[in-house]
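Remarks on the structure that follows.
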Amino acid sequence: MATEHPLVLPGDTIDPSLIPTHKKQPLRLGPGLRHVPPSTILPTVAGQLVTDLRKNSMWVEYNGGRYIPSQGDLVIGQVARSATDLYFVTITPYTANASLPHLSFEGASKKTRPQLLPGALVYARVTLANRHMDPELECVSATTGKAEGLGPLAGGMAFDVSLGLARRLLMARSREEGGVEVLEQLGAEGLAFETAVGRNGRVWVGSDSPKTVVLVGRALTETDEKALGVEQQRKLVKKLIREMR
Amino acid sequence: MPREAEPSLNERQFILQALQENLRLDGREFDQYRPLELTFGDQYGVADVTLGKTRVLAKASAEVTVPYVDRPLDGIFNIATELSPMASPAFEVGRPTETEVLISRLLEKTVRRSGALDTESLCLVAGQKVWSVRVDVHVLSHDGNLIDAACFAVVSALRHFRKPDTSMESGILTVYTPAEREPVALSWLHSPFCVTWSYFGDEGEIALLDATWREEQVRAGSCTISLNRHGEICQIAKLGGTPVEAVTLLQCTNTALTKVQEFSAFLDRKLAEDIKRRDKGGLMAELSAENDR
Amino acid sequence: MPLDTSAYSLALLRVDGRRWNELRRIHAQIRTQAAADGSSYLEMGHTKVMCVVTGPSEPGPRRGTTGGAAAGASKAAAEVAVSVVVAGFSSVDRKKRGRGDKRNLELQSTISNALAASLHTHLFPHSVIQVSLHVLSQDGSLLAALINAATLACVDAGIPMTDYVVACTAGSTSTYAAGDESADPLLDLNHQEEQELPGLTVATLGETDRVAVLVCESRVQVGRLEGMLAVGVDGCKQVREILDRVVREKGKRMVLEGTVVKGEGLEDMDLD
Amino acid sequence: MASTQHVLLSPAELAYLHEALSLTPPIRPDGRAPMQFRPLVAETEILPGTNGSARICFADGTEAIVGVKAEVERTRGYHGDEQEEGGEEEEEGGEERREGEREGQGEWVELTVEIPGYRDDDAGTAFLAAMLSEALLADGRFAKKLWISRRFHWKLFLDILLISPPLSYPLPLLSLTTHLALLSTRLPRLKSEGDEDPFFDDDWAAAPYLYPQGTTTTRPPITLLVMAVGRNIIFDPSKEELAVADVVLAVSVGEAATNSASTKGKGKAIGGMDIDSAAAQPGRSLRLLSVRTVDPPSRVTPPGMPNATNSAYGVAVSVQKQPEARTVEAQAVEGVWKAPRGGAKPAVMAALVQKVLERGGVADEVLDALEAVELG
Amino acid sequence: MADRRRVNGPVGATIPPVFEDEEVQTQETQRVTRSRAPNGIRKMYLKTGVTPSASGSAYLEIETSGKDGVSGLKLSCTVHGPRSLPRSSPFSPHIILSTHVKFAPFATKQRRGYLRDPSERDLGTHLEAALRGAIIADRWPKSGVDIIISIIEGDQDRETSGAQGDDTWDMMNALSGCITVASAALADAGIDCVDTVAGGVAALVKDGGETGTARIVIDPISSEHESIEAACCIAYLPTRDEITNLWFKGDMPDHDMGIYSELVQQGIQASKLANRVLVESLGETVK
């Protein structure tokens, strides 16, 4: 799967053979691609072109840069301030705040909504991402009314990672597709911790022992900065565990 | 004015909690610096200092100008610090922030006022011509502890710098190009370095060296101590913040002295390496020139 | 060095006739200003400063001051905005310092940070405490005088605080080069001593040994620091007592008179 | 800007103030008579480090300190330094003749105003400084006092500090304090003669005053604030009164030397008026030095709304929809505050100035009061 | 330090050398004396709508006195607005007026810097006072208008030495020009005014040495007279017969109130004359 991902630059022509064809489903273009009618597809960013034949979709994977909210993404936001019926939440610094209604928490009503102070972290889903409007978030699934893991994050520590790593961590099979294994490795070493990964490049790590949090954080940031492969990640985890003891 | 991104409550609490348990986020000891690196440029007087993710570049330059009227025998020595948006979006061009003012004041006090550079040696013709030495400090990347890195860069750049040689004959001043005469080093008296302590906790009981940007945002106070390796204090600045026990401050000063001695030795080594590198180049160049003929 | 302070070793008296551990005359008054929320006037020798505190109040339009513990970013606590105006006529040679002067900005930021650590600013979210200081005459120990005056004015303004932030200067009798161990520490430097001898300004929180501000701007041997710091901290305690007496006397008088009239006592305020 | 600072008064309060001040006689909020000044506390020579200093505290708590410092400066323009040697001899003969005409230059005086909370290049601060220095230099005689020799002169630095936050328009306060500071200013006595490098007497007690103490000499100018509401003329307005002023004038007044010698032959005047005639009259003779309109802050006060158009009273909804609604805006309704528009009639302006200068008028009174302040 | 964005020339004199004309022997004969009637103003050229990108603009030129080296007055004014205030500013029931007066670096004998100096700020304040009375501020709540004037030529005589002339008299001329041109630009921008305001200057001048007589002239040029004893600049609304700004400077004994009121009267007269030009020019634009 992760074999043939040709590198594309903005404005490159895409080899037509790379464009998936499907009988029934319409072709879906992901981030980094633009459709110029009638039938040209141009990349708008530099990165690796990824195609998914089953879903009949294609997109460009790129690392770094600023996170641009898109609908359905899971993000870790920081409450900036509270207004009458919503919180203003910072997803990335130096950009417009997203809004998170007071009532979009699990079981929230006018009286039982969670009180979040400025600076608190929330794990939320982007419900509206539109070029001309500030993004909107929710911490509850609109269909089930359950939190599904979303909501305020208590304690723990947030680490900044690159957008690429965050995306890889969020993949359903992060080990096979994304080539990240640190978290599993650390878990296998018997550390007890929980994580929440935001697409905006923030990873929250919670644990009873600050030592564990620091260790997980260092493992993550080091994996990210040095672009470690699976094997090296294993070594890193071993090394860190040894250091700690 | 763009504001600096604030750390979240969770981060604040965790950093403090971890510090109570003797843990730093990057696993360092409390009095441990991040890896310090120094590279000199091809030109004289360019020093590029990295301290973890903090990176500062300093460039020294010199020109001949008219001295100030009230100090006709002294050369002019300036340190220009400007924090550009390159280092952090919170910095703006043309409007000095408080951080910028404090950094430039500290550098000024540490290097200029402590008399590290002998300004009298910069005088060429009394009251008429002097060297004006200027160091420009560029912060390329900001991840905390700018002061120590900037000070190290400034001192390195000045120690590395060579100004054109001059001669004075019957009232005519000649400035030689590097090709004509080998440029000369500045008359340097002592090398001061800054060591910045960050204090945490209500009583300022936790003291860290070389805080990262994240730690700086959470700290309750800081104290910058400038020393040279002879154990002379050039400057101390604890500008407000949480009060700290006087005894702690004394201990901090003593620890700072050992750090400064390490810095000093490190710089000397780097300078020696650089000279060796250049020497080789110079000899080779000469040889090849002869062969050409 | 134009003036000779080396005579000290002969009589153990300083240029102005003080002994090593003597403070200069400190004269202080609070509530000198009817229109302000808090005000004070302080003389340390010939260094004379006035302070006016306005607030805690709603932040008005952005004014030409710097400072603030958290520069307006976190609204959870009041911002302490300090502005220092050094009058052109305050020094022997008239010298105008602009508002953008870096030394001035550093002073402002130091005072602001020192006060913010003692004042209970978290009680006044979304507000500003405006401290404006005027330097009328300077003869050394400027920062110390400014901090003391600001503390007094904050007391007058009724802003809750942990303790007084008090400051004074300390020095050492010989220059950095001399390695003589016999150098005596000195308390409360005047302008002349400040020019010639190494010295530092230290501000402590009330009666404790905890140092809020420590500024040293001259070259001095590390070994000399301990002595100077000890003398400075001790001096701060003396200053605290003097300031405390001023506040208590004023308070007593206000209670006696049964009213709290501001600006009263102006007539008998002599600036000389 | 200091003159247009916002006064937080409701339209109803403004309307009341305006009505009260338009009555004859006007009723001022603090019960003063229209010509009455607020009490003040003044002292001079408070700072030994200066050549002259003064402090004035108004009863409303505003306080100002002025310090004067003088430095010897080389006069530009009278031959360069190089030619000095040669030039001096040439001029020797002419010296006697020149002795009498000491020339002063405006730039020998530097005046700075510091108002807390305002930038020093703020337009309001610049306006205040310009007004104060204009009055000082208007008669052209002041700068001459700073003349030492043809090569040197005193450079006078006047630093004006407003200590308290500016509650009311600080102009009169600053002006009066400057007046006192200048009165108390002394310059060291000159010991050298002619054009040699000047040296001075060390004895401070022997230093002469810049404005010699005595009865028959001039005194520094003062600047007064006068305002008019309707037909009433009101002096020393407070902040609240300024908020409803129709016109505000800053009038600078100097005191003329009473000896007729100084009334330089001014020539004949228009309308057959004899300028010199007054010199013989007893009492103080005042000189008008400058007049400036100060932008009255009343123009930016919020307007009131008459009941007729106020929707809160129910009637209004229909009225507002009518096309004539615009014209309603222009009509004055009794008892409803409306910011003044347009300027002031020339006659009102003239009356304001006249009132200041009147014999036994306010300027007289203020000068008398200031004279009573003891020096030293 | 003051201006870090530009490379400024060295400080100090930038007055070009003026060589003595051989034909004209002395300064005395060179002095051009006033040839106009005491109650006449110089010719004036006024045009509105010169800057297309601004909401309103005007250009004013006043002729030179006809001698070489003496510049006239050239002013250009642009008005931007009414426009909404920035979101951060508090509510205002009135239009917020901000005036910027800037001398071009070459406009006067002494070179002016690029940053506004106190005298320019002072002019701005006067101008603001003069215009504030004229505009109907409450028609435009929550909005602001910027009036920017550049003085291209500052009506100064190059040959008078620095010590001789007092700048203030020239400043008054500049101010009266500023008021007139700003008024035209405001009208061009379509901002409601109660009347067209115009500026005028009158001065008490003295010619003919010690024995000379003092007389009142309007629109004085300082170089044409030996000395100016007093002057006043007035901003006047003709149809309402009201003064919005008055700036008098001089030295006048208290019993000479007659001269003072005569000066004011003459100032009004000058303003009325300027106003005629203004009205005519605006009328042309309408056509």
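Per-chain residue numbering starts at 1, and chain names A, B, C, D and E are given in the order in which the chains are listed.
Note that a contact is a pair of C-beta atoms (placed from the backbone, for glycine too) under 8 Å apart; a residue touches a chain by one contact, two chains touch by 3 or more.
On a predicted model such as this, the values are computed, not experimentally measured, just so you know.
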| item | value |
| --- | --- |
| Chain centroid nearest the full-protein CA centroid | C |
| Distance-maximising chain from chain E - centres being C-alpha averages | A |
| Chain located farthest away, centre of chain D as origin (C-alpha) | A |
| Chains linked by the largest number of contacting C-beta pairs | D-E |
| Centroid distance [mean C-alpha coordinates] between chain D and chain B, Å | 51 |
| Separation of chain A from chain E, taking each centre as the mean of its C-alpha atoms, in whole Å | 64 |
| Chain C and chain D, separation of their C-alpha mean positions in angstrom | 35 |
| Residue list for chain B, restricted to those that touch at least two other chains | 6 |
| Sequence positions of chain E contacting 2 or more other chains | none |
| Sites on chain D at which at least two other chains make contact | none |
| Complex contact set, residues of chain D against chain C | 41, 43, 46-50, 53, 55, 57, 59-63, 65, 67-69, 71, 112, 114, 116-120, 157, 159, 161, 163-165, 167 |
| Touching residues on chain E, where the partner in the complex is chain D | 92-94, 116, 118-119, 121-122, 124-126, 128-129, 132-134, 136-138, 162-163, 166, 168, 194-195, 206, 210-216, 229, 232, 235-237, 240-262, 264-265, 268 |
| Chain C residues touching chain B - in the complex, by the definition given at the top | 66-67, 71, 73-74, 102-103, 105-106, 109-118, 176, 200, 204-205, 208-223, 225-226, 229-230, 233 |
| Contact footprint of chain A on chain B as seen in their complex | 2, 5-15, 17-18, 21, 23-27, 89 |
| Complex interface listing, chain C residues touching chain D | 33-36, 46, 48, 50, 52, 54, 63-65, 83, 85, 87-94, 96, 98-99, 130, 132, 134, 136-137, 262-263, 266-267, 271-272 |
